[in-house]
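Going in written order, the chains are labelled A, B, C, D, E and F, and every chain counts its residues from 1.
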Amino acid sequence: MDMLINFFQQSGFALLADNWGNVIMIVIGCVFIYLAIAKEYEPLLLLPIGFGAVVGNIPYIESMALGVYDDGSVLRYLYMGVTQGIYPPLIFLGIGAMTDFSTMLSNPKLVLLGAAAQMGIFLTLIGALFIGFTPGEAGAIGIIGGADGPTAIFLSAKLAPNLLGPIAIAAYSYMALVPVIQPPIMKLLTNKKERLIRMKPPRQVSKREKILFPIGTFLICAMLAPGALTLLGMLCFGNLLKESGVTERLANTARNALIDSVTIILGFCVGASTQAQTFLTPKSLFIFFLGAVSFAVATASGLIFAKVMNLFLKDKINPLLGAAGVSAVPDSARVVQHVGQKEDPNNFLLMHAMAPNVAGVIGSAIAAGILWSVLVPG
Amino acid sequence: MDFSFQNVTNADGIGIAITGMAIVFSGLVLISLYIASMPKLLNRMEKEVAKKQARKAAKKAKVAAAAAPAKPVTELTDEMMAAIAFVIRAEKEYEDAEDHQRITVQHDDASTVWAVTGRLRNLSTRM
Amino acid sequence: MDMLINFFQQSGFALLADNWGNVIMIVIGCVFIYLAIAKEYEPLLLLPIGFGAVVGNIPYIESMALGVYDDGSVLRYLYMGVTQGIYPPLIFLGIGAMTDFSTMLSNPKLVLLGAAAQMGIFLTLIGALFIGFTPGEAGAIGIIGGADGPTAIFLSAKLAPNLLGPIAIAAYSYMALVPVIQPPIMKLLTNKKERLIRMKPPRQVSKREKILFPIGTFLICAMLAPGALTLLGMLCFGNLLKESGVTERLANTARNALIDSVTIILGFCVGASTQAQTFLTPKSLFIFFLGAVSFAVATASGLIFAKVMNLFLKDKINPLLGAAGVSAVPDSARVVQHVGQKEDPNNFLLMHAMAPNVAGVIGSAIAAGILWSVLVPG
Amino acid sequence: MDFSFQNVTNADGIGIAITGMAIVFSGLVLISLYIASMPKLLNRMEKEVAKKQARKAAKKAKVAAAAAPAKPVTELTDEMMAAIAFVIRAEKEYEDAEDHQRITVQHDDASTVWAVTGRLRNLSTRM
Amino acid sequence: MDMLINFFQQSGFALLADNWGNVIMIVIGCVFIYLAIAKEYEPLLLLPIGFGAVVGNIPYIESMALGVYDDGSVLRYLYMGVTQGIYPPLIFLGIGAMTDFSTMLSNPKLVLLGAAAQMGIFLTLIGALFIGFTPGEAGAIGIIGGADGPTAIFLSAKLAPNLLGPIAIAAYSYMALVPVIQPPIMKLLTNKKERLIRMKPPRQVSKREKILFPIGTFLICAMLAPGALTLLGMLCFGNLLKESGVTERLANTARNALIDSVTIILGFCVGASTQAQTFLTPKSLFIFFLGAVSFAVATASGLIFAKVMNLFLKDKINPLLGAAGVSAVPDSARVVQHVGQKEDPNNFLLMHAMAPNVAGVIGSAIAAGILWSVLVPG
Amino acid sequence: MDFSFQNVTNADGIGIAITGMAIVFSGLVLISLYIASMPKLLNRMEKEVAKKQARKAAKKAKVAAAAAPAKPVTELTDEMMAAIAFVIRAEKEYEDAEDHQRITVQHDDASTVWAVTGRLRNLSTRM
């Protein structure tokens, strides 16, 4: 009977009484699951993260190795793919194998919008330094503005492993909330006439261009910022598998079984890393605040840069496309489409928005490479 | 391997067994209750949601009625009724269809949207 | 020429002469393969285990690192997923993603049968203590009665890594032999009238219930027995991926490529861990004996509890369903169906039997969590 | 957490930000130029290849003409022209088909060839 | 501004100026990619290796852990599957699950051709010893003549990890170049009459034979050369999964998602291991030279042995089949088909050539097992 | 890198090569013999199994004949023959079908059975 009482004293029900933080995190996890299912905000990410947060916040006695931070636990082994930065490149491999870069190839000017939106990263870095984060931490926080989960995880693992949880959660949350964050900024910074601009239909792209694109792009980026080598190497490798036409079965596995397996485990582990004890700190609040600023600045930079480009271009760009430069693929491109169609239901911007959208992925990977090489400790 | 009941008492085998079965039963009884109560709770919830919506709709209708011109009802000919019914039905179908499509797109989320844009582009140049 | 002779002296043919144990184990492996192919007893498990046993019992000279117990060997690396308990949760993820819990949701009373059948675990624990096993070993042996391979492996890895091989083999063997073990006990403990009882058709279950089920179930179980967190977390996570409707591609990978890959490697490694030198011991014999007892007790407990429940219920339960509470999914549910149809060919019990069947999986995972927290060394 | 602009200057935050944006822009400008120049380069390359092939073909034709008997041209009746045209077209189609098939086989390379041999054998014994 | 200059001094563009070796290797990588896409030479191998070589030769400053040889880098973790020999058995598992051995079963004589072609391995071993390689290195170099990438990687990882890169590249390059290397030798060593020999159509093979084949073959080989246990165990296991008829879903995953995932990562890592600093050495040149010799000797041995067999056989063998004994599955079998059809377009040798072809795989795995046990250090 | 035949003899290169080829050949010769003997062994086994079954069947038939009433044969009218034939054929078809289904279920074993029960349930409630 003592044993039974003792057991109940060690059970989660009893332990939760002392750990309201865990209760809060479990509720947040459930909210994530709700948003994923009911609102369909990035469900492939939010659902695993949400359920992971529920699992990671069940309290247990210390002598059992159960959580992602306990040596020898199963979750620890699976989490190693996060802390060692192994999962993000594998996800980029799959993304490369599923992305069709033709719209970008047919309109190279739009690539620049993907560069402008990276402004969010560097301004946030300055903000984070100002608040008092160390340079490494500030770099990792800045990358939230890259709006790219795998890139954020990869860089945090290198520069600020202690903040990996909040940074990853912030990055994925805001990516999921892009349909909420971006439209007001887009309406504020553009007028109706601009939003009505139609883009020319893109030209046909040859198979050769598609094959040469990943090779050249990789060489340019890796030479310029070797730190981006792993992420962009995998992205371009995956794309080459897809476009070569001779390795279709490999591309198929990369964009299905492989990326799905990694996505499941990555999301779950990131969620499970939000144990209230390490997660509910003032630092996390600052990170979420800076992340929101970062997304807003990135969106604004893209929009404004598009308007600046229009000063010099004969064929005007619809400045809404600038907002797609933040990446958050493919959600921000969809947002551009929706906002554009509100003014003119026959204006199809989606395919044009994919160009700055994927350019933004490359842009933030380069930024991550730069931050890594500049801020890496030792 | 020495057979002896002493081993069992030393390790408090009986205690573990009783505790174990008690907790296993607690767990599955709780699950059983949880499952049994779910439909009722969901039902009640749905009703309340429905009530709220009904109230809102009623309010709106009142406001609309107030805002509407004095003798609107008599002017609703059969043709108008048919037209309204048709629009409502079409709208409903559209919503359903949109819903359906949204789910479909979602399923292989990234892949389709990313790949489709390329295909769209191809189509656009061919047209 | 010396070298040739020397080589043949080191070859398996020569070494086998001194290792009759290996010959026996190779024959047992072949029997497993035969049962898998000719009798179709759980082929997805028995065939990999059988071939693994053949591979693991080829004798070789000590200086080569070949077996699962040799540092640096390939099999050792693959086996780490077993010893560290990584494979079982991944299998549970896949099982969750392929299991439809609706029959259980529509008849919550049947869940209790899955609890009763866990009696086998705890009685066997007492039996194993009596025979002289240490508490940890006794707990791991008891879990054989859970009739769940992954759970047995997971707990043995924690409590009695030295007995992992025999326990895993015993668990999987008896699971495969469920169609042989259960029917006589079922006929002994029920009369014809009871076996003829028909169940009401289950009610329709809403999508919302299916979505809420894994979340609530996980919270209840993990709070009560945090040790079950990893296994049940993955089971419920997989089920949520399936039922949410928004992560179908992840569920699909979890229940196909992922679970299959893990099943192949897990089965093969468990088989290869049966090297005669560590496997053919008196302890293993006791484990097999206790395992058989455990299955019998579990079956009987389920049946008897169903009869006890009938004393209080207006709508009588067919007591055969109690036998499905041992899990061994889905074989014991099929056995219930067959035994029931022998009395009345128009009595379809399969879908009803799935309810205690999957409840038994949850029940033994809870039991494993309890045993772990009570018996974990240190 | 002490808010101060000193932190920014200590870490040379402004410098990093400027450097960073400069390099990100360099990278994407280079990619943009690379993409923009690709079609032109590929076009030029193709033309040169085509020229070379044309030259070769011309040479061959000359040699063939020299080697051919004196009055071949007049003997090319309409029927012959049609026959040649047909052969060329058939050959072209065959090539295309072959090309297509080659790619198909390639796609699941190992699997088909390895598995097919077995199936071929089965067929052969049944025939 | 200093930082910008400093950054460019650390960028790949600046570093390449001092590292012409890397430039050469990047060009070689591009040539591999070209051969894979334009010539379709083993694209599933050459494309990943080629792109890996490009990625592996981007220069970077030492303080960043990026390459396969840097502790803690992502590529290092992925490369561990190569250095620990984990990927090759998994590839053999998939190959087993996709190979139909019926032609071999229906004509057991042709198996011997697969033995004869292994002569290349052992003559090259002698050659490598003569040149001055250590015994371990010489064994690993010899196995290039086995024309089997996974076997070569597996053995090099054990006997000469320092030469793994060049050996793997040599093995895969020559396998891809089989259509270039073999035909002249085949024409030189056979006359027209021999090349015109037609083979009898093979007999029908029963399902039982197909099931018993992998079990018996594994036992024979593993008893004789336990070192081949891992590779042949997986090959036969995969084949049993395929032929048993009861584990189709496992076989399906093994020959698709699993082998594809491993192929992608293996190829990429092997490519990335060709960093000029460790790759461009005189040793590598010798290895490539010996590899070419090895392929030529293996082809010749197969052809000559077939002619010798014809002296004793009533039903003559087409000696071209001997060339398929080198393995390089399925390319060398295709080469046999093409060379045969040049003489007689109605002579279909492909299915017959598959018999020595797969026998060659087994033969070189046995040879690897022998070399490992004879030459393993310590 | 010092070229010298001494290296070869030091490492017993020739010995390794000869041993190696000997064992490779032993291995593949054994496999070849194994393959060649399999059909014969399987054939013989099948015959013995068939014999045993035949003997058993004969015994059973005898017992049945002994147990049967005296003049059963004459009473087998055409209609009865037809009925028996029909039952046998139906039974045979049922068996085949069952067999076929068993294999199908087996292939994706767990998945179908687990998922099917849910679907069965749905059907049952709809009927």
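We take it that a contact is a pair of C-beta atoms (placed from the backbone, for glycine too) under 8 Å apart; a residue touches a chain by one contact, two chains touch by 3 or more.
Fair warning: this is a prediction, and the values are worked out from it, not measured in the lab.
**Student:** Going chain by chain, each one touching the next, work out the least steps from subunit C to subunit D.
**Tutor:** The least step count works out to 2.
**Student:** More than half overlap in residue numbers between the two sides of the subunit A-subunit E interface, or less? Answer same or different.
**Tutor:** different
**Student:** Using mean CA coordinates as chain centres, what's the subunit D-subunit E distance in Å?
**Tutor:** 28
**Student:** Between subunit B and subunit F, what's the gap in Å when you average each chain's C-alpha atoms?
**Tutor:** That gives a centre separation of 49 Å.
**Student:** Centre to centre, by mean C-alpha position, how many angstrom separate subunit B and subunit C?
**Tutor:** 35
**Student:** Using mean CA coordinates as chain centres, what's the gap between subunit C and subunit E in Å?
**Tutor:** That pair's centroid distance is 39 Å.
**Student:** Which subunit B residues touch at least two other chains?
**Tutor:** 16, 19, 23, 106, 109
**Student:** Find every residue in subunit E that makes contact with two or more other chains and list them.
**Tutor:** 3, 7, 40, 43-44, 224-225, 245-246, 249, 256-257, 370, 374
**Student:** Within the complex, which stretch of subunit C touches subunit A?
**Tutor:** Result: residues 84-86, 89, 93, 211, 215, 218-219, 222-227, 229-230, 233, 236-237, 240-241, 244-247, 249-250, 252-254, 256-258, 370, 372-374, 376, 378 of subunit C touch subunit A.
**Student:** Subunit C touches which residues of subunit B in the complex?
**Tutor:** 1-5, 7-8, 11, 13-14, 16-17, 19-21, 23-36, 38-39, 42, 103, 106-109
**Student:** Going by the contact rule set out above, which residues of subunit E touch subunit A in the complex?
**Tutor:** Subunit E residues touching subunit A: 3, 7, 10-13, 16, 26, 30, 33, 36-37, 40, 43-44, 47-48, 51-52, 54-55, 58-61, 63-64, 66, 72-75, 77-78, 256-257, 260-261, 263-264, 268.
**Student:** Contact residues on subunit A for subunit D in the complex?
**Tutor:** Touch residues, subunit A against subunit D: 104-105, 108-109, 111-112, 114-115, 118-119, 121-123, 125-126, 129-132, 135, 138-139, 206, 208-209, 212-213, 216-217, 220-221, 224-225, 245-246, 248-249, 282-283, 286, 359, 362-363, 366-367, 370-371, 374-375.
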